[in-house]
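Labels A, B, C, D and E are assigned to the chains in the order they are written; within every chain, residues are numbered from 1.
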Amino acid sequence: MRYQYFPGCSLKGSGRAYEESFLAVFRALGVEVRELEDWNCCGATAYMSVDETKSYALAGRNLAIAARDRADVMAPCSACYLVLNKTMRGLGENPELKRKVTGALKAGGLDYREGVKVRHPLDVLVNDIGLDEIRKRVKKPLSGLKLASYYGCQIVRPFATFDDQDDPVTMDRLMQACGAECVDWPLKTHCCGGSLTGTLPDAGLRLAYIILNEAKKRGAAALVTPCPLCQFNLDAYQGQMAGKFGRPNMPVLYFTQLIGLAMGLDADELGIGRGIIPAQAALAGR
Amino acid sequence: MPKKDHKTNGLPRVGFYICHCGSNIAGTIDVAAVREYAAGLPGVAVARDYKYMCSDPGQELIASDIEKYGLERIVVSACSPNLHEETFRKAAAKGGLNPFRVQMVNIREHASWVHTDRASATEKAKDLARAAVARVVHHRALERKRVPVDPNVLVVGGGIAGIHAALTLANAGKKVTLVEKEATIGGHMALFDKTFPTLDCAACILTPKMSAVKAHPNIRLWTWSEVEKVEGYVGNYKVTVKRKPRYVNEDLCVGCMECIDACVYKEPKFHDKFNQGLGKRKPVYIDFPQATPKVVLVDPETCLQLKTGKCQKKCASVCDRNAFDFGQKERSEEIQVGSIVLATGFRTYDAKKDKQYGYGRYPGVYTALEVERLVNASGPTSGEIKLRDGREPKAVGIIHCVGSRDEKSNKWCSRVCCMYSLKLAHLIKEHSGAEVYNFYIDMRAPGKAYEEFYDKLLGEGVHFVRGRVAEVTDWAVSPEEEGKLVMRVEDTLAGIVRRIPVDMVVLSTGLEPQADAQEVRRRFNIGCGSEGFFQERHPKLAPVNTFTDGVYIAGACQGPRDIPDTVAQAGAAAAEALALIDAGHVELEPNTSAVAEAECSGCKTCVPLCPYGAVSFDEAKRKAAINEVLCKGCGVCAAACPSGSITQNLFGDDEIFSEIEGVLAK
Amino acid sequence: MPDKPKVAFYWCASCGGCEEAVVDLAEDILKVVEAVDIVLWPVAMDFKKEDIEARADKSITVSFINGAVRTSEQEEWARLLRKKSAFVISFGACANSGGIPALANQSAREDILKYVYEDCPSVENPAKSRPATAHAEEGRALTLPEFRGMVRALDEVIDVDYYLPGCPPTPKLIQEAVGALLTGNLPPKGTVLSPDVALCDQCKRKDSKPADLSIKEFKRPHQVQIDPEKCMLAQGLLCMGPATRAGCEALCPGGNMPCTGCFGPTSKVRDHGAKFISSVFSNLAAKEPGEIDAALDGVPDPVGTFYRYGLAKSLLRRKIN
Amino acid sequence: MSTVKFEPKIVAFFCNWCTYTAADLAGVSRLKYAPNVRVIRVMCSGRVDPQFVVEAFAKGADGVLLGGCHPGDCHYAEGNYKTLRRMKMLERMLKAMGVEDGRFRLEWISGAEGDKVRSVVNEMTEKVRSLGPLDLPGKFREWDKEIEELEARVKASEAEEEKIHA
Amino acid sequence: MPLERKIKYEKDCDREFADWVTSQTGGENLRHCIQCGVCSAACPLSLYMDYTPRRLINMARAGFKKEVLSSFTIWLCTSCYSCRAECPKQIKVTDIMYLLKRRAIEEGVYPKRFPIPVLAREFGRMIFTFGRVDESLLVANLFLRTNWLRFLDMAGVGLGLMRKGRMSFVPHGIEARGQLRRVLEAIDSEESKEAAK
């Protein structure tokens, strides 16, 4: 098995731990993962509100580069995952747009081809590698660890390609395969506040707080997520929340970090220490 | 004016008539130009145009011209033959010409209504006229075969529609077989407590009709049975019915139900389908006290005797009629009928599909049908509104349009949900005194006394929130929301988003085609619309007829409708069947195929192609033969005959080839 | 000596098989020769065009013309004989409907010449010279007939009175035809002188044909051991019998080979191949597009199969290019 | 090619129960589509003999459209399967005879799909327009010029002889 | 208190604007909206919006251009797609928010020094120059351009991230910046061509 890997800006910055754990896990699984050469910003959602065509072109460049290789592309960042998929659909549905974008790419000496598959690691782990394989690899089961699995919005919406839009379960099943327990709660795909935490803290932080607080209420020791922006909002802003709503003090981990731990990988290799809210207590020295 | 001795150089004398259809045709097609053009076509003795050819004077025109100009063929260029072919055939017959020497040209549905450019539409009309004139020359005089109609009728489905149709027919002295796949008739109506808008109790008006069916000398009631196969044609259908085993002899059981008490299972512990799973039943059971026929049945999935063969069979031993028969097997019976009424009803939308409403996840969420059972005096809680956890709800939210008006599930409005939601709102308030909220998108009360009913509910202090609920959830943002189900909705009339905590949520699920609608319609050779309900022959003018003669549809199998409309439609379907029976015979379309015996090489190519077994191989003559009564006139054999020895009336090679040449010749 | 009916035989684009058929009359040929004067028979006797041109119009009782028409010379001869004969009989599949030569109608004239005079592996022609219709040398002019754009049936060039079907026509049919002509009890003009019913009627295997063929796959004769009793179609072999005019008494099926349709269709059929497609393929077993295609792959050369003898008279007449 | 825009001539065979009804529905719904199609009504697509299709081409059709009920929905149970089998073979034959893809089209259109009639007719009209005229009658005349010449020459030379003899 | 006319006269409605919205990709089935409000109810931000998404949709198709483009609503959308997931008419509400934001930026009608459009512009600028986004730099820029006082308030976050090695102030761009520029410029020229038409 071989995949291409589109990190996106976050995984090189605030989401570093995500990249570290993601790569570590797939390395341990013996799956070859190659970083897309000279990739550029996916054109992230916020950019859509500056120039739609250009944001398609930006994503288009990455897809054109990816098309040189037959392997599927993994995009761990929800925003990248959405934008790249949205671009493929958009160009597929709108010939006029496609003409413009492919034309522009030509000008840059790139040729856009259809048929690239952009997938999320969750999808790959459950549907390509399989839960049984994961179970086999588990050395230190996360038994007794109560998690609230939080998916965020953009990996199931608007394109619910591999899971349900209102009640996704992929990550729950993965965590259960690692021996952890997942609380039943209704906020799996509610908004974490997105970029509002920075631009309109009053609005953004409230949303983030609701999620952390509900998870706590349901008895979760930690939150697990597949999205770097969610992780950032829910982890880094807990200090700011304290003043306004109260301090949840809830560690927020990437699902790849927990899988890594269960597989017996080293906590530092998985960037566990990079969380603003320390996870050690919750993980009880795992 | 052309005279009678007008030269048509040997060709049959053709009369050509083009219709303006007011401005429907004349608006887009230069009628005069087409008439002029047709007048010059070989064989045409007279060409006329007229405002409305289908009107009496229009038809009269044809009849009189036949005599006046010695016409031998008629071409009418007007609307679709599916609409008026019959009309103009009659007109020709009136004038003394064989009705099948008429050909229609469809320049309305196929030209004036679908084109905008006058010139090209007129060109098209000319081409089609030329083709019709060329083809009609080959039309031979034909006779319609008459076959007697079997006066017996099959009614499929024992809901209120089937019941009403069966009774109407039986009262008219016709023998009816009523086939129902469940163990009792009554259908959905038997589940209801009250009916809107009158709030009279469903059982009170339904059960008398049910027993009337059972008691009627002209009705043979086959429940726990399904139609397997339908063969034959209008007036003469052969139907095979599958009779599922009850393990109880229907003729012996009197429904005393002592066997149920006697069952080795002391407590009922199995899923009770009739009560939507809210109650429990034993392996030997009867759906509800007024079930018709009042005969118990045994569920092979749960009965010890049938599963293991090891049971004391207390049920059987207490039955002084010895009605039990654990050896009963499924069997098929064949019946002969002349017409069929399909009243197979609907199913409700599966609320589990709309995850955002948490049905199956939160015990406080119910479907409307479940609530019908809850508020029903003969239901599992004998009419008390108790939640699954035994609590009495203080606040109840009713969500309209679940599985209706939604591109993600069903696009259509299910017509009855608004009204039954009002009804349930009233009953819940009445039974429990709870606060009741109705969440609707648009309030649809378009029936006699319906709006008044809505008005009554407004007066009763039921809350109405205009908005589609986004989510039913159990996360609380405030203490009063704790332990409640919170409904997030925009009160669109106020323009404000609200969170409303309730104890019970009712999902007003929409009406869908039955799960097996597609198989059923194939079995009866009728059509379905794109949404999957049975297709009527004409949405306005033939609402209970189908494209298969002798097969009629009634009730919600044709589309969502309430009880009054269903009953009215059932009556109409029965009337259509009676009309067919009273005619005593049907005339078969003469467009059948025939073998030119001398030219047939007996290659048998045609024999397996006929879906009706109308083509056979005559071993004595060693040639193919066609039974024209069985032949339905598809022409597949004529197309396939490798030596061109099979011809189809009205669609012979000569007719079609000349039509092809006609549309193209210029 | 009494004035015997004059008879002419001529061959256009043909293999000579039709001539053989005449010889196949065996001793009966003598009867014929007694009864008639043969005024033209290039394959057997030496006559010159002038001899025919010299004759009075319609002075030949009947001309039997076999072979398809490809060259201007064949056209000239056909016209000449038409002019000089009371009756013209189109003799054999090639004359009737183009026959095997008409399969060339799948290729353009230029492609044919290019292949034959340049590309064909066995040809050595560096000068790429082609036959010219006129060539002058030392004051002498040589001419060659024109090679036409397509192959035609005889009746596409001249008016024909009767048709003798077959590749070649059977002696029996020839005799009956000659007999009819000599005794003068003639069918209406344009008649094909053979029963107007399909071949199954005469086929010994007819009874072995199942009521429901539902053909699963098609095989070609070299791919199977052909059962000598069983209906060919029942064995998955494309037998044109059901769509082909009777008269040969099922010679090929008799010889354990499927009928290839040399007698052409019955009088009610306009396009032999299309009609055959309509009949046989309606009875495939397959329902799904994929399965159907799989079955059809067993027919690698549709045109060559369905129009082996009749391309010139098919409704499309030739490949459109 | 002439300067006037080429208007394709398309002959359609529609089965009475599904596609013809759908075309009626399109009319009742006042959908607008290209006026290039001439519909010939048959009871079942199973009546359509491949001969009809080639005849239509031979008589000057630029395209032939065949419409029947969806598989499984045939009013006569299975007529449309017979159609499908034949027409798939016919398609191969037409291809081999140089008739371009797109000039013959088989479509399943149910009585409820008035809009599909519109889209299919429009698509096909555009497709055939882009292929240009097939015009077999014209081609036949073209092909046969060569023999007419000779006929003329023969006649002329005969006329000569007449003179000489006279 | 100053009186303001609330009633709308027909001349106040901008049909052209309504047609523009429905003609954009994403705006297609806007006119099919049945005003059920499920978008508003599903929206996590509607509690802060001046107009609920449903009202905005209706105002857009009615042509209330001024109110729509100057509304706070469009800037609050975090594109979580809840509205689109629930919409019974499958209206692409999120995409409509995007195109309204674009139009608002074009016409310069958005709350001044209001961070979100600035964020969007910052994104653009950064991607043009580097091909990638350096969040920390982005955030810093953002606050300096809008309300630098808030920056201090947020500084804690930054420091925390830095300590955990999750922040880097050196923007690492892509190599083929020239290529990327060519691509984006090609789009510009293409669009200016269209504008010319």
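Some observations on this one:
By definition in this document, contacts are C-beta pairs under 8 Å (C-beta built on N, C-alpha and C of every residue); 3 or more make two chains touch, one makes a residue touch a chain.
Here the structure is a predicted model, which means the values were calculated and not measured.
Minimum number of contact steps separating subunit C from subunit E: 2.
The count of contacting C-beta pairs peaks for the chain pair A-E. Once the centre of each chain is set as its mean CA position, subunit A and subunit C turn out to be 75 Å apart. Distance between chain centres (mean CA atoms), subunit C to subunit D: 29 Å.
Between the Cα centres of subunit A and subunit D there is a gap of 56 Å. Rounded to whole angstrom, the centroid-to-centroid distance between subunit B and subunit E, based on C-alpha atoms, equals 50 Å.
Residue positions 356, 471, 609, 636, 639-640, 653, 657 of subunit B are each in touch with at least two other chains. Touching two or more other chains at once are residues 82 of subunit E.
Under the contact definition stated at the top, the residues of subunit D that touch 2 or more other chains are 46, 49, 51, 55, 82, 86. Inter-chain contacts, as defined above, occur between A-B, A-E, B-C, B-D, B-E, C-D. Residue ranges on subunit C touching subunit D, taken from their complex, read 72, 75-76, 79, 106, 146, 148-150, 152, 156-157, 269-271, 273-275, 277-278, 281-282, 284, 286-287, 289, 292-293, 296, 299, 301-303, 306, 314-321. Subunit C meets subunit B in the complex at residues 196-201, 206, 209-214, 241-243, 246, 265-266, 268-270, 275-276, 278-280, 282-283.
On the side of subunit D, the complex with subunit C involves touching residues 46, 49-51, 53-55, 57-58, 71, 81-82, 84-86, 88-90, 92-93, 96-99, 134, 136, 139-140, 143-144, 146-147, 150-151, 154. On subunit B, the positions that touch subunit D within their shared complex are 80-83, 106, 108-111, 113-117, 120-121, 123-124, 127-128, 131, 522, 525, 527-530, 535, 547-548, 591, 609, 611, 632-636, 638-640, 648, 651, 653, 656-657, 659-661, 663-666. For subunit D in complex with subunit B, the residues that touch the partner chain are 7, 9, 11, 16-17, 20-21, 23-24, 26-28, 30-33, 35, 38-44, 46-49, 51-52, 55-56, 59-61, 72-73, 75-79, 82, 86, 110-113, 118.
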